[in-house]
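Each chain gets a letter, A, B, C and D, in the order it is written, and its residues are counted from 1.
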Amino acid sequence: MDVGFIGLGHMGQAMVRSLLRAGHFVTVWNRTREKAEPLREAGALIADKIGDVCRGDAVITMLADDQAVENVVCRPHGILDSLEPNKGIHISMSTISPLLVRNLTERHAERNYPFVSAPVLGRPDAAEQGKLFVVAAGDRDSIDFVQPIFDAIGQRTFVISETPETANLVKLSVNAMIATAIEAIGETLALVTKSGDVDPKAYIDVLLSTALGTPLYRPYGENVVNRSFKPEFPIPLALKDMRLTLDAGMERDVPLPIVSLIRDHLLEAIAAGDGGCDWSALALVPQREAGIEQPA
Amino acid sequence: MDVGFIGLGHMGQAMVRSLLRAGHFVTVWNRTREKAEPLREAGALIADKIGDVCRGDAVITMLADDQAVENVVCRPHGILDSLEPNKGIHISMSTISPLLVRNLTERHAERNYPFVSAPVLGRPDAAEQGKLFVVAAGDRDSIDFVQPIFDAIGQRTFVISETPETANLVKLSVNAMIATAIEAIGETLALVTKSGDVDPKAYIDVLLSTALGTPLYRPYGENVVNRSFKPEFPIPLALKDMRLTLDAGMERDVPLPIVSLIRDHLLEAIAAGDGGCDWSALALVPQREAGIEQPA
Amino acid sequence: MDVGFIGLGHMGQAMVRSLLRAGHFVTVWNRTREKAEPLREAGALIADKIGDVCRGDAVITMLADDQAVENVVCRPHGILDSLEPNKGIHISMSTISPLLVRNLTERHAERNYPFVSAPVLGRPDAAEQGKLFVVAAGDRDSIDFVQPIFDAIGQRTFVISETPETANLVKLSVNAMIATAIEAIGETLALVTKSGDVDPKAYIDVLLSTALGTPLYRPYGENVVNRSFKPEFPIPLALKDMRLTLDAGMERDVPLPIVSLIRDHLLEAIAAGDGGCDWSALALVPQREAGIEQPA
Amino acid sequence: MDVGFIGLGHMGQAMVRSLLRAGHFVTVWNRTREKAEPLREAGALIADKIGDVCRGDAVITMLADDQAVENVVCRPHGILDSLEPNKGIHISMSTISPLLVRNLTERHAERNYPFVSAPVLGRPDAAEQGKLFVVAAGDRDSIDFVQPIFDAIGQRTFVISETPETANLVKLSVNAMIATAIEAIGETLALVTKSGDVDPKAYIDVLLSTALGTPLYRPYGENVVNRSFKPEFPIPLALKDMRLTLDAGMERDVPLPIVSLIRDHLLEAIAAGDGGCDWSALALVPQREAGIEQPA
């Protein structure tokens, strides 16, 4: 298929490479053009303006936050100005607020632009290998039409509903599940190891072989036990996601006490100076609260 | 091996059957003798008094709570009165407080009775199939000696440390991880489904294929989506475990905010009349708090 | 003094009456003019446009939220277009976000407009009697200059710092203290009365005579025991304040677990259908969670 | 009246002095006799055995915890062995568990011993001045009979119900209210002062003049702002009370999320090394979590 792609962060670059490897024709655009250059030799075409990535079968946005997406979509000569009715499908794959997705859904519908929300689960290495999970919501025909794109980047597609914003609710919820697990690892690790009798590795080994014995949880358990917090998904991004989740809850009158607790602990992590760490470092907060000394 | 077994609840009965199937010679004792009868034709010998199950290579206790264990161990003609120094190994497999296990460790050590703490992870069907996970702590030689027993009932043994009570800390921690997951399922399910656009099955399917894609978590996700709360592990038992976990935290000055939250929600479940349900019903608490109507 | 006043809700109207009673000359403007009419016979002048309330010694804004304040300040022919350098002092008395106050501070400073933030504590009846507490922050000379205004509406002025937004932090904090007390009343009331032996009045009487024996807390205790939830300060406004508090915490990396808990319980109150009640009804949430039946 | 008194800690000694000053005849007994000596010159008689303080109109117990009370009441030659039916009234003034009070109620009733539970609110200086608040529950005639005792030590008596344990529920609830206020002071103080613009004194001054403007709350606000944490009521005792409160909630299926949070923060305080401080130091926990440096 002929695919436009906007947003070349870690995830975006890896996804573009998976698309190219699967034989799709990909045109990319990025605010800072130099990020696009490495993709040229992988076979991507580099566009000078947004309009040039909106002419194919689909255009994917994979951007950092609501503001970036809103800017690319709504600015003059942005996506809304460049699509044509009932033609190229805009696939929003960014982790953004359900509220913004609802607004985008309306604005696309007014112009008869097909619109699908399809955030992804997985880390950059999964993106590189085409092993993401795709959580899609929107018009069923549109989703069927772009399935080859999802197949190129993901190992499986979950179709959630016909309401695009629900895909973002699910994506945020899975991130909240993961953060819950990291926090619970941290709490129980403090409990088990404070006396000094138990090697943290022994406890994490139990977890990774039982409750957390799934590929999605595994890296967090390993990071904690190896004290390796290189920021694949840094704490401020995790905080953004918890904030989006709480806002979505507020909009629907859904209390989310565990997510509130995690929000507070992420702030505590930042206040303690761990803002540059991977969100696995959330597990250090309960250690500190328990008075367990932390080698820097 | 020649094994005594005290405590014939659901788990105990299933474990005895696994031991017999593996060729061990098993003598059982239970406070209410009729619970022992079904095991006779499976090959178990039924003892009249506790002393009769303390003569073999090992005696296993698998009882409901601290009080039951303390009673069986310390009463006149109980385990302490019946073991012999440096002979049969007492294996405590009950989910009891680390504090009691510490006391038992001391009382056995004073008499030179070998003592191992080895609580198990898994539900009765896993016990039936010999597929439990065994979490063992204690003297290394004793653990090695009783390994054939663990092999009969479990698919894997984790040796945690030489301090028996640490096995109970790990067992409680894994239960706390599971309860955390159930609560988080409940919260995010409320978020995702409140609008009515999303079939709960679709969301749980994502979870079971990603974050919760592990045998240990699977039944809880399935129970929630099927609204099937037949009490395999009833809410009051889950509350007992959270209480033990919080007490262990208090003894070590370890705050456990997620476990505190779950404690409160289990109480809320009981106050709402769900005390007879499986602890999967903990996931209903966030639904109710979100104002989502609950068919009985 | 010659005072302009924008925002004639319950609080605003009462404050204007206190100003007139103290002998000040007051010109009022309101988006919906009919709300201004009752003040005419009390002696206020009604202005046709915002510019007409910006000509005196000071102009007070007392509006519902950030959006309303930003609109009145920044729109064409709004306050920024109407003040003159080093003349009339803009006093922001609304409960708005510290972030917006910081922005307003900068925008006024660029134009050499004096700016004071002075939110008030107290309910409409205190405003009517000139018995509010004024929490002021900003340039010391400006605060001194408008002190007669504060004296007319308040029983006491607290000068917090020279940074206007800090007054809003204090105001939000006091509201958070009050909400904490309401929630704690609710929790402990559930504990004390669930057995049915204790008359709620007896317990609240203890509280009002001891821990809560202060005019600010008294009405909440009384509302709870009288089950009188006529919305003086409705739950959605309380939720707005908790949200502002949490946002201010997020901006400063300050975790606020009690406020998070109250946020969640306010959402639970709304989800249960109590969104139209006074925030005293927050105290009903723990009752319901404890399974205590609530006559409608 | 002729009053026996058991338990001569800080509070007990002060209460005895108030009784003597009001003209009562007081006989005291204490486990460690030297603590009784200072009261001799104040006019108290020192008894050699518990039986000697059980012969008058009433015997008061004012002891540290459940274990101490149970010991003094139930041991051979203890209170139960020494009272006579329908004579001297046992007044339990200790802060102990409602569960123990229920047991004591039953054991006294079986023997026709009148029994009143009457824990007190206030700190040692209030006890010294006879300015405590007395929270009494039990048989109405018995309470009326011992009213002169309450008048000697307290400024006011609240009669809660005829069920003695309810007085303890109320006492624990008031302590939970105070702890909530301390925690909320700590959280909001972190919010208000983190930027460094605001003098903590200025904020606490607002609180003490408004939300916390009551004698009961005042010392905690003052301690926090003066960083004076000399242990009048040390953190481990506060933790004991929160534990009793949570246990009472568990017995009644009443979730208490704020109390759970405070429990966790008291543990965090102890883990940080503040176990020897007054419970006002609970307010330091949110400061540390916010990354605000704490001079030792």
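FYI, contacts are C-beta pairs under 8 Å (C-beta built on N, C-alpha and C of every residue); 3 or more make two chains touch, one makes a residue touch a chain.
No experiment lies behind these values; they were computed from the predicted model shown.
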Show which chains lie in contact with chain A and also with chain C. B, D
Note down the smallest number of touching-chain steps it takes to go from chain A to chain D. 1
Chain pair with more C-beta contacts, B-C versus B-D: B-D
Hey, which chain ends up farthest from chain D, C-alpha centres compared? A
Distance between chain A and chain B based on Cα centroids, please, to the nearest Å. 36
What is the distance in Å between the mean C-alpha positions of chain B and chain D? 39
Per the C-alpha centroid definition, the whole-Å distance linking chain B and chain C comes out as 52
Residues in chain B with touches to at least two other chains are numbered 249, 253-257, 261, 264, 267-268, 270-271, 289-291
Residue numbers of chain A touching chain B in their complex, please. 121, 133, 135, 156, 158-163, 166, 169-170, 172-174, 176-178, 180-181, 183-185, 187-188, 190-192, 194-195, 197-199, 202-203, 205-207, 209-217, 245, 248-249, 252-259, 261, 286, 289-291
Over in the complex, which chain B residues touch chain D? Could you list them? 239, 243, 249-250, 253-257, 260-261, 263-265, 267-268, 270-271
Counting only contacts in the complex, chain B reaches chain C at residues 257, 264, 267-268, 270-273, 289-291
